[in-house]
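Two complexes, one shared chain (chain A), two partners (chain B, chain C).
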Partner chain A sequence: MRRELHFDAVVIGAGTAGLTAGARLAEAGARVAVLTKGVGSTHLAPGTVDVLGYAPERVSEPGRALEDLVRSRVDHPYALVGRGCVVEALQWFGERVAAGPFPGYRYVGGLERNHLLPTAIGALRPSALIPETMAAGDCAAGGASAARVCVVGVRALRDFHPALCAANLERAGVDARSVELNLALDRADQNALGVARRFDDPGWRAWFCAELSPHLRGEERVGLPAMLGSTDPHGVWSDLGRRLGRPVFEIPTLPPSVPGMRLFEVLRSSLRAAGGRLILGAEVVGAERSGERVSSVQAHAAGEERRYLARWVVLATGGFASGAIELDSRWVTRERVLGLPVRGAPGADEPRFVSTYLDEQPLARAGVAVTGDLRAEGVENVLVAGAALPGAAAWREGSGEGIALATGFRAAEVVSEAEGARAGQPGRSEAVV
Partner chain B sequence: MSTEAGSGLRDDELPGLLRGSLDHCVKCTICETACPVSNVTPLFPGPKYCGPQAERYRVADEPSVEWSVDYCSGCGICTQVCPQGVKIAEINAQARNKIKREHGVALRDRIITRPTVLGRLGTPVAPVANLSLRLRPARILAEKLLGVHREAPAPRFAGRRFSRWAKRHTSPRTGRKVVYFHGCGTEYYEPWEGEKVVALLEHNGFEVEVPKQDCCGLPLQSSGLFDDARRTVLRLARALAPFVRDDDTIIVGNATSCTLMLKREAREILGLADDPALKRVSERTWDICELLLDLHDRGELRTDFRPVNETIAYHAPCQQQGHFIGKPALDLLALIPGLEVREMTARCCGVAGTYGLKAEKYEIAMKAGDALFTQIRASGAPSVACDSETCRWQITHATGRPSVHPIDYLHRAYGL
Partner chain C sequence: MVTLTTDVLVIGGGATGAGVAWDAALRGLEVVLVDRSDLAEGTSGRFHGLVHSGGRYAVKDPPAAEECVVENRVLRRIAADNIEDTGGFFVTTPWDDAGYADRFADACRATGIDCEEISPAQALREEPRLNPRVSRVFRVPDANIDVWKTVWSLARGARERGAHVMPYHAAVAVHRDGDEVTGARVRDMRTGEETDVRARVTVNAAGAWAGQIAELAGIEGVRILPGRGIMIAMNHRLVNTVINRCQMPTDGDILVPIRTVSVIGTTDEHTDDPDDHTVLQSEVDAMLDDGEKLVPGFRQARALRVWTGVRPLFEDAKAAETLTRDITRSHALLDHAQRDGVGGFLTITGGKLTTFRLMAEHTVDAACAQLGEPRACTTASEPLPGSETQRSYRLGERLERKEAHLREEQLICECEMVTRGALEEAIRRSRTANLDDIRRLLRLGMGPCQGGFCMYRAAGILHGLDGLGAEEANTALLEFLQERWKGIWPILYGDQLRQVRLDDWIFQGVLDVAHLSA
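Up next, the complex of A and B:
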């Protein structure tokens, strides 16, 4: 017997885009496998759904700014899917969080206005849809509260310095101060996940609050690194609010990102609940074409590679950072998995990089060339979603998660529509055969 | 430095592929989020530090610079989640082996890594052996003398061997042959599992062949005894290879860590990628659930299941995840009417083969498994399905819940 597996759709990549596409396809009744080399950016990014933060000035009403963007930048991923799709995708995501593995946990906000959330270094970051555990940190005018922010750190937690965070918040016009607790964590150096596991324990929480309470003053709200529990964030966060008697919020940390891991778990469990399969370690290393179609992909497995045959392939492998797209020493850009053409890379005489690392890098706009409905150019049955798409500068725009979610959502819809048409049903179909 | 007969490989030559992979590390910390060990003990700084980072300081002909890598359990989860393809667990395994070569191997590690020898000694005297494995004074003595933790889960010798049963058993001639690799756990401790595998396969039209076979060498390999592990796995490969007649032949196993050893670990970690017999066996080996689900996907699995009205927790052990085939058991169990399956998301039970048996590591292993044990208790499921025997023993030890291979439920649902 040969290792050949048949699916309706194979999704490559398990970041926000791939998991969303996979879950949606499975919910529509398709047999889906999500093949992935490893986990994606979810574990690194803050776990918020930033739709549009800068265009290029800071955006306060993302819904409105999105409309302008869709009109003015026809090559942008948002323009390909349209504002309506973004709205639907956010709504779907919110429902999946509510039905997900963390009781009571939910996201708040939407396209009406951006929150302004403190980062680990005290900058303010615009974000549309955010975990409830971050809501009290909103510093936007008319936001959650104007009360002073008390940034609380724990010395052993690496890469989080409350004094730096508070000082920068002050510079941004937010009334802030800091407290650093020197708690014994049995190791000199701990990451956010390690502390989050402590917070799962009610006894530890009680002790933590007893240590912290004497340091708090007046009407302050308390900002803690995003580490409020690994299994029951809603419970941990509510409990802290009760014990400290004031609003408490999470500030995203440097990786690993605990809220990002929750986001991953929400999407992963949605995929599973709908019967989709997630196959970790299955790096896709090759593909077979027949005419204008990709008929199968080959993925790494222990012992012998496996061939996955599918009518549809969703490419959600991310961008340069995840190795989906590469630039060689002759300045040629390439999509590495299926060998698809890349668009948007700067020409030979144009600048590819600028000297300031976090500025807009021209090369970052490169991505897999697609037609209006996210199909890879020249291939009928491959759809592209997420950071693999060209046309966006997600880092500058603050749009990475929104694009991943909306395009993953849309890719699944395109498949369902095509299958519906194939089955002779008008419009969208609920069941893919 | 030792040179290994048969492989011509020097132990201190880290296969280029593994070492080369460390340059891909972008320090994203994803492996750290998943490592069951570093998350519970300060003695182990974690996969990123001990793998790609410390590897830069390891020089072939110079002494090991640090020992914390001995606390890596070898579960392999870090390699599975790394988005850049860094072979972290494999790099760690090599580093552990180097320490063992420099400083010698504890007597304990020479004993508990040889299930075949233990099984041969224990089986004829099973009642006495089982009793002494449960008697406190004996266990305290074993801890003092050997360093096997007194509380560590110990299996019971079945007192009979699976291979004896297999010799007397004739599989109906259907012409559709499958080669069964049962492993030591089935041979000495759970022969009934093997009988169930055979029954399931026969029920689905296979003619089951059971070659004479021995240990796969995994326990030796995970304790850093590479020379012995190579000898052992090559012996097994030579025993199985003649049964692989063509590319359609399947070798199937229910011991998921042992099938993984044959498929991948021996080739990658022990550097035996080019041994022809092992390569052939490696490519043709399937995990039992992988095979059954594949049959189902092709519409070839019988689905005459009777309802089993129960709730169970399913834990996919690390070694099963190392096959890179997803969790086929979940989809198989979902075929059984009435059976409610709760998927456990915590990744590791902590035991990692023989790691959790060692006196100095027992507590760490129990803590590493705690997230899983808590989930199992909270799931409300009275019993647990899990593909690996040592993990099942650990789960039962920690939670008091019975634990069986997922195929047990298929066997029951078929009414065999």
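Up next, the complex of A and C:
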């Protein structure tokens, strides 16, 4: 027999958009289940909240550029939620980080200006809201520091190459040099998470700093791959700064992303703290419709098929990367979870891709067709958030996390408004504001 | 300008040219081998990897089939380390002429192909993904060959015997002294530097580009009709045996398991330009449909990469009797002394990978005749470097070797099991900063993620080695990404699109390579 579970809202997907929507709904008093096949984009992404990095030139003031974008691209997710919503969402997120599972850990920045953060290859990536552990790496004019950057790597970490990073920073006009430590780490090919677990141990940190210190000179700030601790990033980062006697910052590198996993933990704990449930390993395999509503979704979970009945569904399943939106071998684009119509996909005779890799790909802006308030077209009670939305080219814009956060936030707000109206209350219930 | 003097200059570093260089070096001749690009970058490196049993030609072209029978056995001896003995099936599907199977069996008998009919049930036990509706199945000794490794082994062997092997050197002029070709001027495509190569015999082994080289020598009418074919590599070994349709050879009728993938091929479209690498969507669609006929569910598998190869189909504008007497329809050796009254110049073209050694043998025989120094060919018995043990390659060998040193050796490319040591050695040995060349050498970035994880690592390692600068490392990475994209976007669908999005995440998101300082 299939089990039936009743919720006010079911969120599908546990990336930034889904967890934000879920946490926000739970905070507003809804009974929420976040169903997800697996963890989402957080574990791949750098863990920063990029709101708008390129438009298409590099953006230094994301708040201002966002206003222009909202006016010029009416089909863009930011245009659907508006700048004010982005501001609120960032504020909310900052508070959740502060109240989150990592004591002292916080994000810095906002819409006023983008930081320019070194990437692992030494490009400078614009980002609005960033973990404090990355702040000292800011290379923007008027940024944290103009001190020389010393990029430090560990040879056993094959996913970080300090010399190339430093050389490219130099090419970008940043005073930089590199140090590669040859530490014995048990195996020759660690990843960032493996090393992060070492940093959790104070003894190991002391040893690491003793190995590194003789290589440091003058007033340098020290850039390390993003691996400063898996359980207490603020403590580890502060401790390293103290021991080395200079600013220390993290540089995101190849997945798995340690700062991205922290972001996931922050949102998961917000969801749980508000009474929401996260059900990992629950792949949604079907849905029941009644008229213009989705009345339930079916998911495979814990070895059985379960039926989740809910008044609202938030689809935060991601785009092509997650497989939620698919281009099949007969060149048909479809939304796979609920079978919703897709907008923005090139026609059968139009090019889906262009031959230059770094150019914008015509398929990039395809997504689930929505109305102005993020409702899926033709379905009253399904809201769409994050990379499943059409209209954005997240990589080229440097906008992925910002869109996820703002649209996840807004989707919850739409639900709360509608529920408030239904209950004969004012549009925005107390809990939401 | 530097001048090199040699007995034999070979223009074209595909399997044929490298085979000629190896053969000539074994016979004690001085050799210079040049290619405008990397070795095996042209047609040789752009095929499906099949070592023919001869079955494909048994009905249509028996002499070609007989050559394949002999050369297949020779290759298994001399290039064992590059060959995986997969065996092959010829299968009659519901779309094939049922009458062809008996003709096929007779033709195999007549041409000496070791062919055994087995029951479809037996075939399905061995290859469970094979279309269960096949009605006849014949087992033949097909195999696969790592063509890059083979060409590099040939070049290495030639080098060890004194040959100069010069990739990225294009012939820009062919020297004529009256009725004699006396060598060529070659230009380093990376530095622009030119070298004069004085040669007693010049071999034009430029394959589909042979007409262009002949023209440089002032010889008209060497017409190559390039036939363009596409091949698609699928993410898995969908089969472990080469599968051929039992029908007159046509498009999309071969599926070759090779290394960690399987390759379906091919089409045949005439093109005027041997550098034409167009991939039409209609060709991709047709290839996927043909795949479904051999392995139902083919379209659900991930297509990793598509590429085009250009067959050098030779048509002589001059009379047929000018061809040397011992050639078959399968390849053409032109002795321009006989054909055009121009000495010191030979053109070898046409043919197929399976018979490259034979083509080289014929060519060097003719070169020796021109030099007036008959020397015996030994390539049929001399193993290539790396193949001395005569033990053929087995899938899983790389994994086995890696597992023995799991904790000591850094793995750079997980898909193809390429270690840091192997990568550093390859970069140093080949003196290249071109990651696409490294890909052909080591299979780096050839697996399911198509370089998503290994290319940043490889760029970082490149940068540290031998004083290579950041600019060169960046260029290597960006060029690799673009080169990879060329082979991906025409077949991008399904789960491979997910993979590419993950790779975008890494390159365009985490690393932001699009905004590296120029």
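Simple rule for what comes next: the second predicted complex is superposed on the first by the 421 of 433 C-alpha atoms of A that agree within 3 Å, B and C clash if a C-alpha of one lies under 4 Å from a C-alpha of the other, contacts with A are read in each partner's own complex, and residues count from 1 in each chain.
One rule holds for everything that comes next: contacts are C-beta pairs under 8 Å (C-beta built on N, C-alpha and C of every residue); 3 or more make two chains touch, one makes a residue touch a chain.
As the structure is a computational prediction, the values presented were derived from the model and not from experiment.
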(message) Going by the contact rule set out at the top, does A:Leu44 touch chain B (first), chain C (second), both, or neither?
(response) both
(request) Could you tell me if A:Glu304 is touching chain B, chain C, both of them or neither one (first, second, both, neither)? (result) first
(request) For A:Leu280, decide between first (touching chain B), second (touching chain C), both and neither. (result) first
(request) Please determine whether it is chain B or chain C that touches the greater number of chain A residues. (result) C
(request) Please indicate which partner A:Ser296 is in contact with in the superposed arrangement: first for chain B, second for chain C, both, or neither. (result) neither
(message) Between chain B and chain C, whom does A:Gly323 touch in the aligned arrangement: first, second, both, or neither?
(response) both
(request) Look at A:Thr16 in the shared chain and tell me whether it touches chain B only, chain C only, both, or neither; answer first, second, both or neither. (result) neither
(message) A:Asn191 in the overlay: touching chain B, chain C, both, or neither? Say first, second, both or neither.
(response) first
(request) Could you tell me if A:Thr253 is touching chain B, chain C, both of them or neither one (first, second, both, neither)? (result) second
(request) Mind working out whether A:His6 is in touch with chain B, chain C, both or neither, as first, second, both or neither? (result) first
(message) If I apply the document's touch criterion, which positions on chain A are contacted by chain B in one structure and by chain C in the other?
(response) 44, 186-187, 255, 321-323
(message) Quick check: in the complex, which residue numbers of chain A touch chain B?
(response) 1-3, 5-6, 33, 37-40, 43-44, 101, 186-187, 191, 193-194, 197, 231, 255-256, 261, 265, 269, 272, 277-283, 299-304, 306, 321-323
(message) Going by the contact rule set out above, which residues of chain C touch chain A in the complex?
(response) 281, 285, 288, 299-300, 303, 406-412, 420, 453, 456-457, 459-461, 463-464, 469-471, 473-474, 477-478, 481-482, 484-486, 489-490, 492-495, 497-498, 501-502, 504-506, 508-517
(message) Can you tell me which positions in chain B touch chain A when the two form their complex?
(response) 26, 28-30, 32-33, 39, 42, 79-85, 247-248, 250, 260, 262-264, 282-285, 291, 294, 297-298, 321-327, 330-331, 343, 345, 371
(request) Report the residues of chain A in contact with chain C in the complex, numbered from low to high. (result) 41, 44-46, 54, 58, 119-125, 156, 158-161, 163-164, 167-168, 170-173, 186-189, 252-255, 257, 319-323, 326-331, 352-358, 394-396, 398, 400
